[in-house]
Amino acid sequence: MKLSELVKEVGGLFEGPSDPEISGVGTLEDAGPSEVAFYQDERYRNELVHTNAAAVFVKNKVEGVRVMQIMHLTPYLAFARAMRIFHPPSRPEPGISPLATVEGAEIGTGSTVLPYAFIGPGSRLGRNCIVHPYAYIGPNVRMKDDCIVFPHVSIREGTRIGNRCIFQDGCRIGTDGFGFAVEENGKLLKIPQVGSVVIEDDVEIGANCCIDRATLSMTLIGADTKFDNLVQIGHNVRIGKGCRLVAQVGIAGSSRLGDNVILAGQVGVADHITIGDNATVGAKSGVTRDLAGGSLYVGFPAIPYNQWRAIQHRLIHPDQPEKENNVDPSDSHS
Amino acid sequence: MKLSELVKEVGGLFEGPSDPEISGVGTLEDAGPSEVAFYQDERYRNELVHTNAAAVFVKNKVEGVRVMQIMHLTPYLAFARAMRIFHPPSRPEPGISPLATVEGAEIGTGSTVLPYAFIGPGSRLGRNCIVHPYAYIGPNVRMKDDCIVFPHVSIREGTRIGNRCIFQDGCRIGTDGFGFAVEENGKLLKIPQVGSVVIEDDVEIGANCCIDRATLSMTLIGADTKFDNLVQIGHNVRIGKGCRLVAQVGIAGSSRLGDNVILAGQVGVADHITIGDNATVGAKSGVTRDLAGGSLYVGFPAIPYNQWRAIQHRLIHPDQPEKENNVDPSDSHS
Amino acid sequence: MKLSELVKEVGGLFEGPSDPEISGVGTLEDAGPSEVAFYQDERYRNELVHTNAAAVFVKNKVEGVRVMQIMHLTPYLAFARAMRIFHPPSRPEPGISPLATVEGAEIGTGSTVLPYAFIGPGSRLGRNCIVHPYAYIGPNVRMKDDCIVFPHVSIREGTRIGNRCIFQDGCRIGTDGFGFAVEENGKLLKIPQVGSVVIEDDVEIGANCCIDRATLSMTLIGADTKFDNLVQIGHNVRIGKGCRLVAQVGIAGSSRLGDNVILAGQVGVADHITIGDNATVGAKSGVTRDLAGGSLYVGFPAIPYNQWRAIQHRLIHPDQPEKENNVDPSDSHS
């Protein structure tokens, strides 16, 4: 594919001077003379200057770079699109392995069920799904089209899943919530967890995440929401559309997130909390009260970022007036 | 079941005026006119006012509510008991699947071993246990009666388990502890981990938790203790009875918890620490010293809650005297 | 084995007066009169005084102890070596179980593949490896000699593994990184993750850890590095040799650790960070900027330990000048 054709596909301003054949995508460090790369973070300026790539997607032209630069509003998006062109998904042959157990389940056309997968009675999978070895899909699950279930995933009884969802290895969907009442004698009485989990279209759940089923009703993950690894979602939680939950985040029972909320790594959210649309919470913060949408919060308890920064400044420099610093605790597209 | 009969079973003060047939339990929002609900948290007052439930368990009567209110000292306990009445556990037929591997193990009467489960030689399971697909029970494990082992659980060699324990999907019991000594040349030498894990009666372990075996001797989880998901227990740890460990808690090697200790979400406890009976540690705190029982601790390092609150107040309002605030960092029954 | 022979093997100064036959190793509390123990932490002085061990490895002789003391520069190392003598690893018979699926893979001499293991086409395992039930080794993996893969591990396609590596139950190697670009319409576009994971010799990965494959190029874990449980490694991360990552650590994408770095429990490292050789980061800290090697850092954001300690002192005792305290937040060999 010519560079000019690639730019037509992924966007950006192609000015030449040459139009080489492009065979792939690489990092600034590793890309060869028939590959494209991208540059977005000033920490990699040195790698940009020394890159051997055919061309680099950049936001603004950088002085002193000898390879072609292609301006794009968001070089990372150009890179993402180029990656999807040069690395289309491969998929196994459709069919159900004789080493799988699919008892009383319905599997749509074009789907693949690999050895040692288990799909329980009453479950219905759509078209073109892939179920890897050791995936456990319990009874009465509904899963629409084009989903991928990687090895060792558990999807427990009654879960409802939309189209094009991806479940990375070892994630747990629909396990019992942490619900116990204290009896008069002080013992803990388990509360049956009989609700379900509903996952809308285009959701991705990272490796070894846990999403508990609701006590009653449902735990809900909105469309286009993406989870990194080892995230914990308590029972009855409702998460909006287009959210990003970075690794090791934990959300306690019955909390609600609006749309496009970003929780950076290791954030914790207490139970029965509401976080508004487009809020971002910085890494390692702990949310103990409702947060309005549209702002950045940091710390434990999580407070508006500017307030947190002022406190940090006073702590570290108790005798100096505050000035600008560069800490940005958000970590949204690691 | 008549409402009056239900109240007789779960406790509470039934005053009428009517005595409808009750068919189930619901949330304030979702319960229909033949279901009961409960109300305990003021944040849900609006849902209480608008509920369609037949009756609601409440601590104290609330004005302006049109449905029947049943007073109960702990509405959440009434709810738990009602849930157990309307949702008794279902269980699969007893028997060992021909697709399971049970080599040289003894399985008690009434137990079910599902396809793709593995139970190692020398292991002994009691009566009425359920072992789900992909559960791995290593050699020489002892498990008493009425336990449930969900999919993908590992219970490694030599583990001892009491009655009525529940293991949610993907938890790991008896993996090697993190034990290395530094050799003269700086290399890390692995210390064989040859102790075991002992789990007493009525323990529940959440999804994807990890409990390491002891180096020598045992890692001990006391009776009636409950773990949420993704909790980490280092080697040689000893946990008392009736403790609650919320999601993503981590306890480093050789620490000891008394009875009825509550660790809220994402708490960390350093190695060789002792925490006394009935202590509570607030969410995200880090315990770096021994803590006396009976109190609430917060922060990193974890300090008494009132002290922590005073510090937070000075940080956020450096020019104002301290006053009451409403932060309650504990998150014990999410 | 005589005590004098044992000391010759593990190091230390043997002075008699007697030379009993030693049959094993125990804790100070549990060791019997034919076992040795070790003493390194003053908190266990009382256990030392009352021990029934035949002899105890100590750094310096302690007054008032009635059993033999053997001086050793690092008693913990003597203990580790004694453990390895008395507890040599057992291993199953070589061979491939007929209940395993090994399609188009090459398995070296002396290796054992247990029931329900899966090894994908094009993979090559070296000699004397052990692959436990429900281990998933995807297509085109390379694994050298003497590795142990415990139950429920996933090692995804294309991973490269050195000699003598150990994978504890349920760890995930080579799952997709968290890579999404925001499209013009606000939707998240998945970036194919087509790089790999490379793990050098003598690495141990704890239970339920997650190591994401690189977007391009590789995620790298250096030789002799050891992971505790539930650790998260983002895509493109590079970790040096001899590092120790304690439980629940998370490292975001593209960060780099030098050699012999220690990250204590629940530490978080932001993306695109560099940490120098021999740095130590205390428990629960959050690293938001590059850290120079050779020092101890604590807090969020992580700062040099002495600075952190001074701030803590001012917070807790706002009216007193600073004095020495004993907080040591590092937790490296729990």
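The letters A, B and C name the chains in turn, as written, and every chain counts its residues from 1.
Simple rule for what comes next: a residue touches a chain if its C-beta (ideal position, glycine included) is under 8 Å from a C-beta of that chain, and two chains touch if they have at least 3 such contacts.
Predicted model, so just to flag it, every value in this text is computed and none were measured.
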Cα superposition of chain B on its sequence copy chain C - rotation in ° rounded to nearest 5: 120
Tell me whether chain A and chain B, two copies of the same sequence, contact each other through the same residue numbers or different ones, using over half shared as the line for same. different
Nearest whole angstrom, what separates the Cα centre of chain A from the Cα centre of chain B? 27
Which positions in chain A touch two or more other chains at once? 116, 134, 152, 170, 208, 230, 248, 266, 315
Could you list, by residue number, the parts of chain C that touch chain A in their complex? 101, 116, 118, 134, 136, 138, 152, 154, 156, 170, 172, 175-176, 178-184, 186-192, 194, 208, 210, 212, 215-217, 230, 232, 234-235, 248, 250, 252-254, 266, 268, 270-272, 286, 288-289, 300-301, 303, 307, 311, 314-315
List the residues on chain C that touch chain B in their complex, please. 25-27, 29-30, 41, 43, 74, 76-77, 79-81, 83-84, 87, 89, 99, 115-116, 132-134, 150-152, 166, 168-170, 202, 204, 206-208, 224, 226, 228-230, 242, 244, 246-248, 260, 265-266, 283-284, 312, 315-316, 318, 327-329, 331, 333-334
